[in-house]
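Heads up: the structure comes next, in structure tokens.
By written order: A, B and C. Residues from 1 in each chain.
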């Protein structure tokens, strides 16, 4: 009633000013429209419906956005008279998710939405989508072509909730030219923290005035990297089997491995082997492409951009994501984003149309195009076998590292990644701890413990909010 | 003021020139940087005056599909102009009532207006955001301006201005059979034009420069980006090429740069109306 | 650009003296009509402010006692829990940093333009150009200024670092060292407000009478002494105005923190308004309850400043 009153008042005050008031006064939130509906409709749902128009919200910008547009055009041409997909760019992943939340409240949700990996728990809990598994079951689709490690992230209890789409994993990028100059073997990049330190000592260059002109190592204090390090050590990042056996209650930040990592990182900075960088990956990327740091961490998605912006300056190579301890037996998590079919407030025709589109995007040839035009890792095993893909990889040996790295990563709860409703905040908290330890000299264990404790609130808050 | 001797004169110029170099370098970088080939900026020092000039960055900034600047420009214009008009209308009417129309409620209503000036917008941004979301107008430009259509400050300022209007003239007008609206429109407003322009400039800039609110609104609908949020989004997307970023920023700055260069007296009057005389 | 968004009000003083122009004796129906008309005229303004300023104040109080569901809609009561969260050292730090930020912005943000505007009052050629030039930062919106300065200080390309290198100084970690990050955010804000304050102070100085200065010179006061003892008091309204608007600008600053440091490193540039933004809208946090509680703290600060402002205006500031 409270809002109704206010709404009336708005209508009145607007009427006094402008005739457009009607446009907003009449709009009403439809909170409980048409029920959730997690049932997947069969292909016949599209029969006799004419051309079904669906909205797809995504966060693909620049070159990636253009590639997505092309694929969508392809789909629309193929399904003329049946399904038409309207692309809507929603800026960042964060923005896309917050737009989706707002849309659920106002009943203006899209039919397909691209959500980043760490939004997975929220999407499941929102009960607003049709699990991809339901469609797979209805259609008896063969999903064996999907890379199991990639599907792993988006599966809970063996049920695939969303269709992975653009995926990437982290790599160690090295300045090949600088490596050779320093007498190091670029074909054999460092694999552990200790090896990085060793190489960094040789790579760090100072000018006559004692100022460092090239740091051996430098990477953003990005929370995603910490999660990757944890998985590389085959450790779980949150409790309840990485949030896959039940709803997680703690993020395991203050672990011995993390302490070791941050202590190492701080030492690198203190020794002048690494610059102080913040959590913004763009800054670190610039430092790498400008030649200021000779080794950095970035996702596979950056191969293309790095190759372009270092062209003519120096050569780059890649190595596996480094491990904290030489004995670590895990491997990185395949992150990125996936596609969700929205069910809340949608009729069968729209749900089905959405699935047709999602299925199309997971096709091996489409994924091959997607991979070669964006650099994202293909979710389809078959895509890597296509001619166009093979050629692309041959021209970019830097990417081969990623393929091998994926093949060597065992699928476990640790490498599936942590599912947590408060994961966006948890990533931020990890960054706070990393910044505290590396930039402001707080004792690493204290910094990690503080953030781990600080996360208890938001996690509890989230788990309570799921209940309403 | 007094004419100083030669030594102080030199010192004065020295100080001003040094200050100008330091304070204006970012401006120079913004404007010039956008015309340079992108690698010129990646040098240390940036090669601002070597090499050839290009319009490529401006083209790239204007055409990049990620954060289209043209709609953002229109949104900013819409926000600035509608807030300005709304402030003028609501403030003129209210100030007129507060000055010329006797009513037992006049005093309390005035204090109510005054009290709203004390409320920092950020303290009520959460309820307003939730409210606007509940209206279901996510896709509508109205969501950018709805909370800002009335201004206690505008009412207060115009009340000050209207009070300066000679009572005798007003009486004469009324005796001539001049109605309230006609008096307001044909006599009072023209007579208080400087104050009105001041309020207009102030309101326009307030809308044009808003950041927090459009950031929230555009975060769930990027077609509602204003220039200010577009610059932020551009930074995330064009972070790798400072030249394009600077070109984009220059485009967004053009209107206000022109205002500062050519409309200074209106600026000062707008912001300080009544405060500094 | 620094649009003073709230109490950048003028002066209530002098407000009381002039009787409103009214007509003396009016018949009763006419008077009722006038009252009704008055109400009608104030209605649009009152409605706008009522719905979007006054009512939200109450709603903020309500929201501050609520938890929310997964979509961010307020639901269950959590009592005073959000206010308890304000009593933690973490929030104390936020308040302290807000104060530090504000003071560090206001003092140089007013003194710097004053030191530029003062010499410009001399009748020397080129002063107009200088005034326009110094006002240019005013054209920058907060996001434009933040992004340009980020490029200025980006370790990979920074011209500032290059200049420092020329004189043999090491380049600080502008946005990643706790102390420097605060200094950077402060510096950018000072740069931004200096343009506007310069215009305000120059306008104030332009209004000082020639004869007053002439008289001062006969008395033997010269140069800086003349400026401090005679001119400053005369432009005290301008200075006070600059101080108040700058204080509010600093208190309400969001863009420079959010864009340049995102509150970091490790929360060292978190201010009250950033904290509200962060809790409510950043990272999909959607903690609207806590953000509302912090908003109420900001409200108290805003009201306090207004009270001080009116108090000072009533007493201290010298008017012509």
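Note that in this section a contact is a pair of C-beta atoms (placed from the backbone, for glycine too) under 8 Å apart; a residue touches a chain by one contact, two chains touch by 3 or more.
Not measured: the values here are computed from a predicted model.
Chemist: Between chain pairs A-B and A-C, which one is joined by a greater number of C-beta pairs in contact?
Modeler: A-C
Chemist: Work out the mean Cα position per chain and let me know which chain is farthest from chain C.
Modeler: So the chain farthest away from chain C turns out to be A.
Chemist: How many Å are there between the centre of chain B and the centre of chain C, using C-alpha atoms for each centre?
Modeler: Centre separation, chain B to chain C: 14 Å.
Chemist: Quick check: how many Å separate the C-alpha centres of chain A and chain B?
Modeler: Centre-to-centre distance between chain A and chain B: 38 Å.
Chemist: Roughly how far is chain A from chain C, going centre to centre by Cα mean, in whole Å?
Modeler: The answer is 38 Å.
Chemist: Using the touch rule from the top of the page, what residues of chain B touch 2 or more other chains?
Modeler: In chain B, 42, 86, 89-90, 131, 146, 149-150, 219 touch at least two other chains.
Chemist: Chain A: which residues touch two or more other chains?
Modeler: Each of 6, 10, 13, 17, 94, 98, 101, 105, 286, 289-290 in chain A touches at least two other chains.
Chemist: Can you tell me which residues of chain C touch two or more of the remaining chains?
Modeler: Counting only residues that touch two or more other chains, chain C contributes 44, 47-48, 55, 59, 72-73, 154, 156-157, 165, 281.
Chemist: Under the touch definition given earlier, write down the residues of chain A that touch chain C in their complex.
Modeler: 2, 6, 9-10, 12-13, 16-17, 94, 97-98, 101, 104-105, 119, 122, 125-126, 209, 211, 275-280, 283, 286-287, 289-290, 292, 421, 424-425, 428, 431-433, 435-436, 439-440, 442, 447, 454, 457-458, 461-462, 464-466, 468
Chemist: Provide the residue numbers of chain C that touch chain A in the complex, in ascending order.
Modeler: 43-44, 47-48, 50-51, 55, 59, 67-73, 75-76, 85, 90, 154-157, 165, 168, 170, 173, 175-178, 261-262, 264-268, 281-287
Chemist: Which residues of chain C touch chain B in the complex?
Modeler: 1, 3-11, 15, 18-23, 31, 34-35, 37-42, 44-49, 52-57, 59-60, 63, 72-74, 115-116, 119-124, 126, 130-152, 154, 156-159, 161-163, 165, 191, 194-196, 199-200, 203-204, 207, 210, 213, 217, 223, 237-238, 241, 245, 248, 251-252, 254-255, 258-259, 273, 276-277, 280-281, 288, 291-292, 295-296, 298-299, 301-303, 306, 320
Chemist: In the complex, go through chain A and note every residue touching chain B.
Modeler: 3, 6-7, 10, 13-14, 17, 20, 23-24, 27-29, 61-62, 65-66, 89-92, 94-95, 98-99, 101-103, 105-108, 282, 285-286, 289-290, 305, 309
Chemist: Touching residues of chain B toward chain C in the complex: what are they?
Modeler: Residue list for chain B touching chain C: 1-4, 8-9, 12-13, 15-16, 19-20, 23-27, 29-30, 33, 41-46, 86, 89-91, 93-94, 96-106, 109, 112-113, 116-131, 146-153, 155-157, 160, 163-171, 174, 180, 202, 205-206, 208-212, 215-216, 219, 227-229, 231-232, 234-235, 242, 245-246, 249, 252-253, 256-257, 259-261, 264, 267-268, 271-277.
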